[in-house]
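Got some structures for you, see below.
In what comes next, subunit A is part of two complexes: it sits with subunit B in the first one and with subunit C in the second one.
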Partner chain A sequence: MAIIEINKLSKTFKVKIKDKGLKGSLKAIIKPQYKMVKAVKNISFKVEKGEIIAFIGPNGAGKSTTIKMLTGILYPDKGNIKVLGIDTKLERKKLAYQIGTVFGQKEQLWTHLTPYDNFKFFGAIYDIPESRVEKKIEEFRVLFELDEFINTPVRNLSLGQRIRCEIVASLIHEPKILFLDEPTIGLDPVVKENIRTLIKRMNKEYKTTIFLTSHDVGDIEKLCKRVIIINDGQVVLDDSMENLKYHYLNKKIVEAKMKEKINLDDEEGITILKDKGYNLKIEVDTTKKSVADALKLLNPDKIVDINIANIPLEDIISNIYKKEGTKK
Partner chain B sequence: MLMEVKNQLKVSLLAIKYAVMREMLNKVTFITNIIFMILNNASFIIQWLILFSLKDNVGGYSFKQVMLLWGIASATYGFAHFFFKKAFSLSDTINNGKLDVYLVQPKNVLLSAICTDVDVSAIGDMLYGYIMLFVYGFNISSFLLFTLFVICGGLIITCVSVILNSLSFWFQKSDIIADTGNSLMTNIATYPEGIFKGVVKILLFTLIPVGIANYLPVKIISEFNIYLFVIVIGVTILFIMLAFIIFNKGLKKYSSSNLMIARI
Partner chain C sequence: MKKYWFIFKTEVMSNMQYILNVLAGFIGYFIMLFIFFNLWKYIYNEPNQIINGYTMSQMIWYVIITEILWSVLSGRKYCAKIIDDVRGGNIAYNVNKPYNYIGYCLATHLGSCFIRAIMYIVLGMFIGLIFLGNFPSLNIFSILAVLITGILATVISTLLLTFIGLFSFIIEDANPFYWVYSKLILVLGTIFPIEYFPTFIQPILKFSPIYVVSYGPAHLFVNFNWAEFINIIIFQFIYIIIAYLMCSLVYKIGVKRLNVNGG
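Our next item is the complex of A and B:
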């Protein structure tokens, strides 16, 4: 059974429009004008238990609006949402006991309290008996290596430690689904990696379903098996990470260092990205030419060094964003 | 249901405890805030001493009754601002999308949003209220009635603020209306009832319920009247219900925001 079911979901915001300058402001007072902005348009998808889903899209695509409707923050205009069989519109409190949320840009912890006191507070919010909260804190202290700072006020923690505590606080009540909205925003690569390990561990140890939005391709690539891309309020792609990587663009990047110069101009299925001296970088469209044929053209005897790679995920994603952008 | 109320109270009190702990980080500021608020309130006694040296009663009130009115007004203000400080800036919470945090928690959104901060100087207001009760004349029954009316009055002014601030769900910039309403309530609360006549008086017992929160308690403590007592309790319940209904109705219109926010 699907753990999240969204059916034909829509949300429109009423936004005031105003001409520039003081004259515009006066006009807006006398005769206010509004425009309707459709943030989410008729989207549908399902998520199964235990999945780690990347829910991505460019800024203003409707990601946050969707995640806010899924967590009961916003009321949808049209459509149905069932999270763990609960209607988010009607049973907000019941839903809150079952889900955890971490918004990278919005802090939930009290900054003057220590993580330990914060966890106790969250335990009270979710009506968990003291003894169980203590046990849970002890378990997380070991599992997520919080020893160093569990008794330091949150305002004295580094951003990475703070996010780690935010995640732990959202796990105190053992949620079945965790919604993470840009959890690694502003973190350095090492801390990012730590947070990713933590998320993976959570999914493995507690079978928590993870619903993640992020602009960091590393998060998506290293954590998620399925990607849902949303653009202009619509789902433009819902596929496995594997399919996205290997089939969506059907392209490979070949970088070679040659013994002598080779001319590949006008070859079908090959685009030259860089040709500088004996260094060559080409893109092979595998629907038109196989990688083997491309290598033959290069002449293996004259290759000093070679590297064949997939198109970086970042390029694939930004291509999808751009493609959908031009359709508008 | 009872369990739910108990758990809700536990969380709200815990939040208030944590907020007090934050304020106590700086001991000197904590204590001076309270003392200066008492002194600030006490300074108004001089003005009334001068007035009463010229006239025996003002607006139907004796000097002691004015002191009792001051006591009730100051303690209700203190009660509301100590326990529900954020109710007085709720429109900021609504407009800047700060309700998100409370909406994902299995607790009442309104209570969570307004019981998250305390105004330390409000302790001074509450203490001053009880000092004024001593000036008026202390006995057990006046003490109990005074305490009950402070709670009722505090809840009424909190609810009026919640209702006015909740307009932010429908109109932007309604914080101005809320601020005006709140300061109107505070300013009128310390003047004897008798100086207001006609439409203003009707307003004081309806839209700006200073009459219910302050004038009726002074009357009841001076001379107990069961009908007036029931009115105060009834109106308090009515305002609590109205505040919840209007806030929850508005919550359906809540549009959140993507501002970067920290809980400090």
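Our next item is the complex of A and C:
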């Protein structure tokens, strides 16, 4: 059963515009002018229970606007949203009890209080009985390894510790869906990895559906099985991560270290990316030439070392962004 | 209701970190009272002289109470925070929380006033006793009644500040409105009682927020009578209802207009 259903959703913003200089400023006071910006254009998709879904796109693509509509913060202009069967426009407060939100750039914890006091606070505002809150805190203390800092004021925590607490705070009321908007922004690679592990664990233990937006390809690659790409307010791709990685571009990168120099000419299905005599880097389009054929061209007897890799996900995604950008 | 009590409690806990800042504010409070003490001592030829219905002792106690109220209720940071939240779009993150936003504001601001109120009341009473050597004739019930009007004054002030802050939804920057409001309360409601103003202004002041936020509780403290207490309480409740409705209305309009362009 779909836990999130979006049908032909659109949102337009009215944005104030101003001409250049002082004259423009005066004009804006007397006769303010506005332009309409279509942030989200007619998008539709469904999310199943227990999925970890990446909702990505370049800046200004409409990701945050969509997430804000999904969480009841903004009303859509057109279309329908059902989250857990709840109409986000009509039953905002009811929805609040069922979902959790973490906005990486928006702190929701009280900085002068300890994580423990914060968790108690969130438990109270979601009307959770105190004994249940205590039980949940105890559970999360172990799961999220909070022992070291659960009684330290939030203002004294590192960013990674704070994000961990932000996630726990949004889980205290046991939401069925967790919306994570750039949860690993500004974190170092080790802490990022740690947060990803915790998100995965949470999804496994509590079957919480995760709706994630991130610019970090590592988050998407390591956490999500499905990816929705949005650009210029439209869904440009909705596919499994597997398909995206292995079939969307059908390209492999072959890096080889040769015993002797080799002269390789461009031919169909092969693009030479780097040729430094003994070191060679080529891109193989597997729809036109198999990797085996490409290796034959290199002459396997002369290969000292070889590395065959998929195109980095980052390149695939930025390629999709660019492609959609040039279509406009 | 339980959750608002919890929000209040959480804000009290959070504000305990600022106790030193409150202590620093005492210096300004003390200087202000010292100036007024000497000013009124100079104006009154003898302590029993009555000017506009006030003895010197009553006049100084009046200023002590209004200054306590001003120190606790001025809410500059609180109002600025709402204005910034509205202008920056951060207020949107409160929309999908399971509480009433106005109730949340009220609980947080009352929580932040609580510690300051206790500290300023203790300090104010202490300074008053040291300067004047006497205390207005109040019993436990009248003290309780004055405290109730003080609490209601805090509620009204919070709602009015919330309204000014939320007004940014309509005019983008409500800071000038805060400036006017705070100066009105400070100049017309703190330094002199209403009786000191020209007679034609007095009825206006008695219907203004000054009466319910500042003058009322302070006047009761220096010259308590139950009839006036009832009158003030009625006015305060009317103000609370009107201010709450105004806040709810402007918040509703604001949420509709909400134009958060994040991400």
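The rule is short, and it goes like this: the second predicted complex is superposed on the first by the 328 of 328 C-alpha atoms of A that agree within 3 Å, B and C clash if a C-alpha of one lies under 4 Å from a C-alpha of the other, contacts with A are read in each partner's own complex, and residues count from 1 in each chain.
The criterion applied here is as follows: contacts are C-beta pairs under 8 Å (C-beta built on N, C-alpha and C of every residue); 3 or more make two chains touch, one makes a residue touch a chain.
Here the structure is a predicted model, which means the values were calculated and not measured.
Once the two complexes are overlaid through subunit A, subunit B and subunit C clash, as defined at the top of the document.
Look at A:109: by the touch rule set out above, it reaches subunit B but stays clear of subunit C.
Once the two complexes are laid over each other on the shared chain, residue contacts for A:63 go to subunit C alone; subunit B is not touched. Of the two partner chains placed by the overlay, neither subunit B nor subunit C lies in contact with A:239.
Of the two partner chains placed by the overlay, only subunit C lies in contact with A:213; subunit B stays clear of it.
Of the residues of subunit A, those at positions 13, 64, 68, 71-75, 92-93, 96-97, 99, 101, 103, 106, 108, 110, 112-113, 117, 121, 124-127 touch subunit B in one of the two structures and subunit C in the other. Taken in their complex, subunit C has these residues touching subunit A: 2-3, 6-7, 10, 13-15, 17, 90, 92-93, 95-99, 256, 258-263.
If you check the complex, the residues on subunit B that touch subunit A are 7, 10-11, 14-15, 18, 21-22, 25, 99-101, 103-107, 172, 252, 254-256, 258-264. Note for the complex: subunit A touches subunit B at residues 13, 16, 64, 68, 71-75, 92-94, 96-97, 99, 101, 103, 105-113, 117, 121, 124-127, 155.
Considering their complex, residues 13-15, 37, 39, 59-60, 63-65, 67-68, 71-75, 92-93, 95-97, 99, 101, 103, 106, 108, 110, 112-113, 117, 120-121, 124-127, 153, 181, 213 of subunit A touch subunit C.
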